[in-house]
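Next come two complexes, and both contain chain A; in the first it sits with chain B, in the second with chain C.
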Partner chain A sequence: MASLKALVTKPWIWSFVGALLVWLVTIAFTGGYGAGGMVTAALSLAVFTVIVGVGQMFVITLGPGNVDLSLPANIGLASAVAMKVMGGSDSMIVVGLLAALACGAAIGAINYLLIWALRIPPIIATLSASFIIQSVDISFGRGLQIKPPPGFADFTNWQIFGVPVLAMLTVLFTIGAAIALRRMIYGRSVLAIGQNIRAAWLAGVNVGRVRFLTYTLSGALGGIDGALLAGYFRGANVDIGNEYLLASIAVVVIGGTSVAGGKANVPGVWGAALFLVLLLTMLNTFGVSAGVRLLLTGLIIVGVITAAGGEKAVR
Partner chain B sequence: MAGADIRLNGAEKHFGAANVEIVRLDGAEKHFGAVRALGGVDFHVGPGECVGLVGHNGAGKSTLMHMVAGTLTPDSGTIGVHGAVEDNYSVSRAQQLGIRCVFQELSLCPNLSVAENTRINHAALTGLGWRRRAANLIAAKLDEIFPDHGISAADIVGDLSIGRRQMVEVARAFTVTRDRLDLVILDEPTSSLDAHTSGQLLAFVRRFVAGGGSCILISHVLGEVLRNADRIVVMRDGKVVASDAAAAFDRDRLVAVMGGAEAHRKSAVQAAAKAGASPLRVRARPAGQMDGKDLVACAGEIIGLAGLAGHGQTDLLLQVFAGAARAKAGIEVTAPVALVAGDRQSDGIFPQWSISENIGIRSLSRLRNGLLISPRREAELADFWQKKIGIRTPDMNNNIFSLSGGNQQKALFARALGSDAGIVLMDDPMRGVDIGTKLEVYDLVREEASRGRTFLWYTTETEELDNCDHIYVFKNGRIVANLTRDELTEEKIIQSSFGDAA
Partner chain C sequence: MTAAPIDTGFKGSAARNAAARARLLRGLLPALSLALVLLAIAWLNPRAISYFGFNLMLNLAIPIALATIAQMFVIAGNELDLSIGTFVGFVGCVTATWLKEAPLIGVLILLGSIGVYALLGALIHLRNLPSIVVTLGMSFVWQGLAILVLPKPGGKAPDWLLAIMSLKPPFVPFPIIAALLIGLVVHFGLMRTSYGTILRGSGGNPAALRRAGWSLLWTKVALFSLTGLFGVLSGMALIGITTSADANIGNGYTLLSIAGVILGGGEFVGGRVSPIGAVIGALTLALAASPLLTFMHIPPDWQVAANGAILIIVLAARVLISRKER
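Take a look at the complex of A and B:
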């Protein structure tokens, strides 16, 4: 009973409850048909939101005004870079992945450089960076869809007993992120900066380095996400990352991370990502039109955030 | 004689009686967490009276004045204005009843003009042309109080020097439109004015009082209070300890009643012998220092930074703090540095964290076991300091805000003293801390200094300087005096603070 109570007070539990509810409603509607397949598909798709969501979470945790709006453009460019470097050859997969990682990290580093050197607010800096990245992507990729090597496409779609391997690896990655957040100097520093940047500086936290690392990390995660997406959807294109602007922020907020900074939640990112994917599946199953689907998605996200926010106030 | 007539007429117009007290507090008490700011204070101001209010920092003067102005409500006790008890007293009610306040923290909006700031206090200035009428109002009052002030009503407040802002603030408090004006509280009104304008202001206060108005004058310059107040109220540790006609006081009696410096002097540890022999820890020159004076601190020394608040002491501490991370001109730092914040909420506390986490943040690299922070070591550090410094809590894993203000401050001391820092910077850390905690921390600071730690201690409380080996007095961002503890008196500090910078 006590452990149940402790569980209920965790802010991330609500995103999992929401995901479970949506799943139950959907299979009730289909009469149980496709319940397992739905979970598999949700896991496969949620992975991509989780990876960028974790990066976005660290950025948002840095405090008010910190957000990475360059993720969609970053994903688009990195997917093209990865596919070009791989060149359809299985032997170049690792090199291509490293190239995507480097491309994303460079974008993140440039973002912070803009914020730091020109003292531009992060929202403006990452947004303007994303326009530049997008134009680079268009001239670099020439709008062509570039195919991944067959080995890489297979890897991103690989499942063991209905569980995507990519999802398992992402679970390991998020466990690592949670440990970094709670138990490493880096994570503590991010939390301290998010609560009070001046107090963090005066307590000896290297504020500049931690913020630089955080934007670079977010960029690098965007880069790797782009490469994986290109593999999963069997081709890179400029628009491949578009939906991850809103999604990356939504999963952070729904997952119980404070928009005011200083308080982060890794498990919640998973719950929220599953919730969003399942919500979409549910609305598709109901056969509602695209307009109504967007409307309902928006309303449900607002509802969940309000409910979770109220919970926090009670605590 | 003319003044007396006006007073009588004004009073009769409102009451039909000449001697009703303007404001009266009975048994006012106020607590902030576990800190008692006021413990049962009786206080009153009569018409046509200038009341001087003196006492050390933290004696409760400002808390009492916030109550008179309506910004704080007493936990218990009553407040009466013009002879009637006020149950729902507030700032707007105070304004209606003719009570104004000029606080130490300048309250003008920096982005607005002088005229627009005047309008904020005068709801009666409405309709077309309000800006011009506000400008005329404030300009006339400035001319009256500070002839040749050189301020235009169209000036943006943020562009004015701190002294001129203070002049606008004072003048605004004396402007009248619809609401009456009976009492103006002046909380350290001369602290940022030069001698000339201070004189103008005090002369105006005398004219205002002669004309039937009342004033409460708070100042740490005792001579100012002795010369200008009709009656002097002395506060100490949240209580009124004396209230008598100004003529009944002289400087020595005031200082004696305020308590402090002399009584505590004996308790300070003798540490004269150690200076000179130990290695240099800090050599720092304030940015505005032209005459080559340095602040020098050696290992094991406690160095006091004195002078009026906001005259460059904190800036110097921050310069030293930044100088420890990367080389800066004029700053030499030879050991790791930690800072104890005075403004806890904005410079110290991490509100989401437990007490342990708040203490551990400065020492994370030492708390690691491999790559990860060891929860066991973090708990050990916290427990050690809980015992050593006496943080009163059942569980160091509780949120930092479960502690009273004084204990939060102890946690910040633990953060700095528990770190590897050889130099500890203290930015007036005893604000809002009760006397018991203070004495415990003084002992701890001396103990740590005897083990070779260096302290740079900015304080606005003169008696704390008795703990220091060496005192630098600051004025306008510069060091103006350099005193050993034997030379230290409050008078010397005040003299240096107000004297012309050489």
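Take a look at the complex of A and C:
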């Protein structure tokens, strides 16, 4: 009983409970049909949200007002860069992935440069950057019809016993992120800055460098995500990252990370991402129209946030 | 974001004058950027600076200015509304359907949507929720409702609305009169009345306001209702210009409105906003995004980038001025 109580107080448990509940409702509706396939599909789609969600989590943990609004534009541009560099040939996969990573990291670094040089709130800095990135992407990616190399497309869809390999790798990555957050100086510094930036500075944390690294990390993860998305959906697209603005912030908050900063939660990102993907699957299974689906998604997100409550206003 | 150096207080009168000059310059920055964009347009295409030219170039500036004012109210209370764009779209869809066919129901829906905004303000205050996430969720709700109201682009604006938006007053183009009117009315209400000061105070120093006996719940509800009201006006103005609606028609307004508030000299925290600045910021964005680029023969691909670039340039100028202010 005591262990159950301890489990219930963990903020991330609710996102998994929610995901399980949505899954059960859906298979109850279909009469058990497609239960396993649904999990496989949910895992493959949740991966993309988890990757950017982890980046966004580190950024949000830096404290009030820190949020990366440039992720959708970043993902869109990186998907185009990856496809162009790979040029449809299997031998260029690694180079293409590295190019997308570098493109994303550069965007993250520019974001921080704007925040630092102009001393503006990160929301405005990443917003202005995303305007410019979006235009670069529209101009660069116009009429880009390059398919991903067959090897790369197969890799992003590769499954072993119904478990997507990409999901396994992402689990490993999130374990790494959790270790970085809890056990490494970098993660501890991020938490310290989020709790009290002045105290962290006085305690000798190199605030500037940690923030720079965090925005670059978020950008780099956005870049990788763009490349993987282009592989999974067989092609780059300007709008490919659009849904990840809401998704990346929502999974962080639903997953139990404090929007006020200083308190992060990696497992919750997985739970929340599965919850969101399964929610969409459920609404699609029910056969509701696009309008109703959007309406319910929004209402459920607001409802979950309200139920979870906030400890301290974000700004 | 490292610790700011502490002001030692005593300064010579020369330094104080320089600081005052810098503050004045900072206050004039929004107007200066607008003047600069106008000069660039006048230089590139003198014919654009005419009654007809302004009517054409600034047409879409009215809904943008109204959406910017809407965003300004939540920002004054240290919150952010990421749903204003889809809300404007929703209002547009209601305007082009219900408000034309069954005006009474249309008006009730629009009033109800302002009520939803008021409730959101109460919810955010009572449960201490991050407004970014709540409004991000609401953006889906509004978009879903917009699609339900108007599944396919279409509908038609009510005739009286079309008549208002195509007014041709003598000498001064309608968009300029409308912008002035919006700016002055909100300026008076928010900057010159006592409750306006309370509203700004709720963003500036909520603790002090609470101790003075004001209800922070009601200030938040008031600010969110005002955002809803101006969002409704923005959606209606937009449909009055475009004559028909589309569920995605307002999507770009979320980011434009935030950019407009900041361009106009608003600060993200502390209740420091400027209604007139916000209107000027909206006009600058509206002019720089499309007419200026067209005259410079830059393809429309770069319209969004122009908004970003202007934002960065103005913020950089602000930093340079602020440095002198010390």
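The working rule: the second predicted complex is superposed on the first by the 307 of 315 C-alpha atoms of A that agree within 3 Å, B and C clash if a C-alpha of one lies under 4 Å from a C-alpha of the other, contacts with A are read in each partner's own complex, and residues count from 1 in each chain.
One rule holds for everything that comes next: a residue touches a chain if its C-beta (ideal position, glycine included) is under 8 Å from a C-beta of that chain, and two chains touch if they have at least 3 such contacts.
For clarity, every value in this text was computed on a predicted model and none was experimentally measured.
The superposition on chain A brings chain B alongside chain C with room for both. Using the contact criterion defined above for the overlaid structures, shared-chain residue A:Ile249 touches chain C, although it does not reach chain B.
Applying the stated contact rule after C-alpha superposition, one finds that A:Val17 touches neither chain B nor chain C.
Partner contacting the larger number of chain A residues, of chain B and chain C: C.
In the overlay built on the shared chain, the residue A:Phe131 is in contact with chain C alone; chain B does not reach it.
In the superposition on chain A, A:Gly262 makes contact with chain B only, while chain C stays out of contact range. In the superposed model, A:Arg198 makes contact with both chain B and chain C.
When both complexes are overlaid on chain A, the residue A:Val163 reaches neither chain B nor chain C. Closest approach of chain B to chain C, taken over C-alpha atoms in the A-based superposition, is 6 Å. Residues 198 of chain A lie in contact with chain B in one complex and with chain C in the other. Across the complex, chain B is touched by residues 179, 183-185, 188-189, 191-192, 195-196, 198-200, 202-205, 262-263 of chain A.
In the complex of the two chains, the chain B residues touching chain A come out as 321, 338-339, 341, 346-353, 357, 361-362, 364-365, 368, 371-373, 415, 419. Residues 1-3, 78-80, 123-124, 127-134, 136-148, 151, 255, 258-259, 262, 268-269, 299, 301-309, 311-312, 315-316, 318-319, 322 of chain C are the ones touching chain A in the complex.
Chain A contributes residues 65, 67, 114-115, 117-121, 123-124, 127-132, 134-136, 138-139, 142, 197-198, 201, 207-208, 211, 245-246, 249-250, 253, 259-260, 289-299, 301-302, 305-306, 309-315 to its touches with chain C in the complex.
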